[in-house]
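In what follows, structures are represented as structure tokens.
Heads up, the next two complexes both have subunit A, just with different partners, subunit B and then subunit C.
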Partner chain A sequence: MNPYRVMPGPEHFLPPAAASMGIRLPNPGEGHINGVIVPEEKAYEEAARQFLMAKVPTIFPGPLVLWAWNEKAAKKATAIRHLYETLKECVTPQQHAMLIPMPDYRPKYPKINPEIEINPNHPNLTIWHNKIDCCMFVGVHCHQANLSLKIIRGGTSCYTIAMCAQAGHEDAMLSFRDASVEKIMKLAEWVRKLKGTVQVSQVVSKSGSSN
Partner chain B sequence: MDNHSPIGTTNKKGQVITDARKMMFEAPRTPSFYTGSEVIKEAIRRANVDVMIAYPITPQSEAAALIGELFAEGYVKEYFRGESEFAVMSQCAGAAFGGARVFTTTAGPGTMRAMENFPMWAGARLPIQMIVTCRGINSPLSIQPDTLEISYLLQTGMLVWHAETAQDFYDWILKGYMVSEEPDVHLPLALCCDGFFVTHTKDVVNLTPVDMCLPPYDPYRSPVPCMDMECPPVRMMRDPFVMKSNYISYATHASWQQEVWAAVERSRKHTIAWLDGLIETENVDADILIVSSGTAVSQGREAIRLLADEGIRVGLVKVKALRPWPGEEIREATKNAKHIIVPEFNVVGWMAREIKASIPNSDRVIAGPRVGGGMTMPPEIIVSEVKHALGIQDHALAGRGS
Partner chain C sequence: MSKERIKIAPEFFDIMPPEYQDLVNRATYGKEDRGWKDIGSAKELIEEHSLCAGCPESMAFRYILASLPNPEDTVMVGSTGCTSLVFPHVAVHNIHSLFGNQNAIASGLKRALTVRFPGRIKDVVVLAGDGATVDIGLDMTLQAWFRQEKFTTICFDNELYANTGGQESGLMQKGFVAKMAPVGKMFEKVRLPEIARESGCHYVVNCTVSKPSVVEKVIRNAVHVAREIGPTYLQLYTPCILEIGKNSMEGLQEMRDSEKPTERFAYKEYISEPAKQLLAEIAAKEKEKKAAAKEQLAAQA
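Up next, the complex of A and B:
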């Protein structure tokens, strides 16, 4: 039997948690791509490549970086803004980089406005509405991030990246761990380094987002 | 937080906050002669616990009362009594939601009364530690050891470990916090032992220095926010999205449950590192293995000694962690065994079922001997089971349970 791999969906009516399928989290200095442990440097390159290949590369900053609740959070928010600006500079006019916040985790009734936010209980609505084909979670509490990543893998074909401040996320297709201002800035450098070397994806999936 | 490490500073009792690995693996140990209940107290003295909530009537262990003494001495920051076991476990949740390191203890019918709280703790990702000093749960009432309650805990999403000795108990209380508070785990731990056999007997236990304690819990590393009435999971209790009849609500709830069990899986790597493996083995190349957990392992060790006197070689697998379940380790350890004897202190044989579900050719598993309701398990009945499997005539002391 082939080992389980964390790939873009839509995977299943209810996709399994990757941890339950034998996928393990990276140790310090490592990342993972599709569930395979890799040196962190390789994860930077692949994340930058995925961002530049996407039609709608999007960053989803969560409450841990949005509200300037301490000095570190404020610095991370500045670094994320820098990554977003870099991404905007480096994509072609046919691509549309976005920054959509996950301001909190409250279930929103009757429905969120997918133009302006994403919610962990139904993140697929924001992905579908904006035709997002590559996204990165940063500053989202781990439990909520995993919830989102699983639901996205289940119902969309979006490529997911996690820039996690703790141990990383197996449910993302690509994950960093121990995220810091330096790591976010380094990813921005990689985006700039790969500018113009990556072809934009032409594939459009039936779920509305392309990959 | 990262830049303000408390390691090397002292708490108000003058204990040095010590790197947990250094404290558990490198610090000198002092042999001490204690009951299991006193060992719980000594571990908590060094565990930097914020809140202990007690329902102190249980005759199974004096731990709740002994930790009250720790509060009086200033080692535990808050200590109070609940009106019932259900109330205690609910209050533990409140304290953990607020960002505290929480400890409690229960046994038998108390565990069952509080059961509703345990999947809630796991779902809310609360790293509470609960000592379960197992006792009978069914009528007629028994205050004697019986491990039936563990079988209910196995499906709650909590981590479940089963200590054999007071030394296990001491070490695992302290190590338990380190595993369950990892941000990728962040689950409650039910640390079980067989009541009376472990809690009321005295044993030599090697203690870490009394002037060292664990680093404090850091709630900022939690995978969920601290308590906030607007955020799930508290918001869900007030305004449960699961009540909304639509696919999204169901998918969220299902994904939430998956995440709890994913966290149990993630605990595997940390548990292996702290407990030196999920199982412990001796002579697993033997044709016959005894596989069990808790004090059934101790009885198995004695049976192995008796059998060795007769020239019969038997190996042993001690299962330390029940959740995460060491399926792969047990498969590997039992791959050459012709007969797998599973002695248990309960009438249903939950351990034998778990093992049967994990290995090929499960008809090798002999689900017994089993005792219940507080009966002792003489090693001779394990000897008898082994001989029966080998087709050797034996004068059995007793038959198999159920």
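Up next, the complex of A and C:
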């Protein structure tokens, strides 16, 4: 039997929780790529490569960093904005880097505006609408991130990265753990380092890059 | 207590949806004399709420949110129904509970907040429909009152199950025919305000939401009494215009018609003795404060 790998979808309507398929979380100093544990350095390189390869690389900051509820959160917000500005500088004119907030976990009725926000209960709407093919979650509480990451894997072909402040996310295709200001800045450095060395993805699916 | 507690990180301010910017910039947190008069210049609820156009529940929501005496330290508990679709649009902490469980959730929450934040005032306010309060949740509603839990229960009484298309509720009037109750209600509207009084509520009001000043007064009284003395109950008529066949401009008139002295929503109030004493003390303090402010103003002039 082939071991399970956490790959871009669409997997199916209800993809299994990666943990139930034997995917385990990285130890400190490690990350995972597609469910395979790797040294953290490798994860930086691959995350930067995925960002630069994507047509619409996007960062989704969640409530833990959107609100300046303590000093640490405020510093992380500065680092995330820096990462986004770096990404914007390093992509080609054909690419479109985005920064879209997840301000609320509550399901919003009658609808969310997928152009300007993402909601964990139907993250696929924002991914489809903006044709996002690579995204990074940061500052999203674990449960909501896992829920969202699974829905994205189930219904889109978007590559997911988790910059997780706890033990990592097995439901993302690539995950860091113990996210800090330093780690976010380091990822920005990697993006700058790989600028111009990565070919933009040519994959076009029938109904947009995110299927 | 102020807006300091709800600051958006400056780096992300520009990308936050405008309703969050508004709720933060134009909310009345920290303002001591906040009330219904702030409506129009401040922000309590976003425009794109999910209720039907003209639904009186949307007015009731605005008046209540504008009148809470301590919004940054208030947690509201909702239940399934038309009201629950509005909660994602408000800038007050809230918990959505399983249909009918709202008063049980609020009991645990209030007790936990008291233990977790000793010395800090934390208000808990339940807001649910009549189906949730009187039918499926009646056990939880009554038990919380029997136990003298210190929180406010607000029932948006639209006299049926609106959100699921118009089924009969305990608070429906006798004889009323709804879309999904074609035979007509066979028994009387449950007299919950009286039951609330007999079950130990210290402040009970039955009224409509036609007058914002009245809603402000009863909300403030109910929250203060619940905070210091024991359970309080407000039954507010918020007619479901969709189900009674009114158009979006007719909600207000419907409420005015139903609050006439002989009608079922004529203003009725019950206040226990300890609650009367407390409200008198609060009124006296407010009077003193106003007089002092007036004196200060005169001295400056």
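Brief remarks follow.
One rule holds in what follows: the second predicted complex is superposed on the first by the 207 of 211 C-alpha atoms of A that agree within 3 Å, B and C clash if a C-alpha of one lies under 4 Å from a C-alpha of the other, contacts with A are read in each partner's own complex, and residues count from 1 in each chain.
Everything below uses one rule, namely that contacts are C-beta pairs under 8 Å (C-beta built on N, C-alpha and C of every residue); 3 or more make two chains touch, one makes a residue touch a chain.
Just so you know, these numbers come straight off a predicted model, no measurement behind them.
After overlaying the two complexes on the shared chain, residue contacts for A:Gln94 are found with neither subunit B nor subunit C.
In the superposition on chain A, contact is made by A:Thr78 with subunit C only, not with subunit B. Of the two partner chains placed by superposition, only subunit B is touched by A:His143; subunit C is not.
When the shared chain is aligned, subunit C comes close enough to touch A:Asn113, but subunit B does not. In the superposed pair of complexes, A:Trp67 makes contact with subunit C only, with no contact to subunit B. Of the two partner chains, neither subunit B nor subunit C is touched by A:Gln202.
Once chain A of one complex is fitted onto chain A of the other, the partner contacts of A:Asp104 extend to both subunit B and subunit C. In the superposed three-chain model, the partner touching more residues of subunit A is B, compared with the other of subunit B and subunit C.
Once both structures are placed on chain A, subunit A residues 104, 106-107, 109 are touched by subunit B and, in the other complex, by subunit C. Residues of subunit B that touch subunit A in their complex: 1, 125, 182-184, 186, 221-225, 230-232, 235-236, 239, 241, 244, 248-249, 251-252, 254-256, 258-259, 261-263, 265-266, 269.
Contact residues on subunit C toward subunit A in their complex (touch as defined above): 5-12, 15-17, 20, 48, 50, 85, 87-89, 96. Subunit A makes touch with subunit C in their complex at residues 61, 65-69, 73-74, 77-78, 80-81, 99-101, 103-104, 106-110, 113, 116-117. Only residues 14, 16-20, 24-25, 63, 70, 72, 104-107, 109, 120-122, 141-144, 146-147, 150-151, 154, 166-168, 170-171 of subunit A touch subunit B when the two sit together in their complex.
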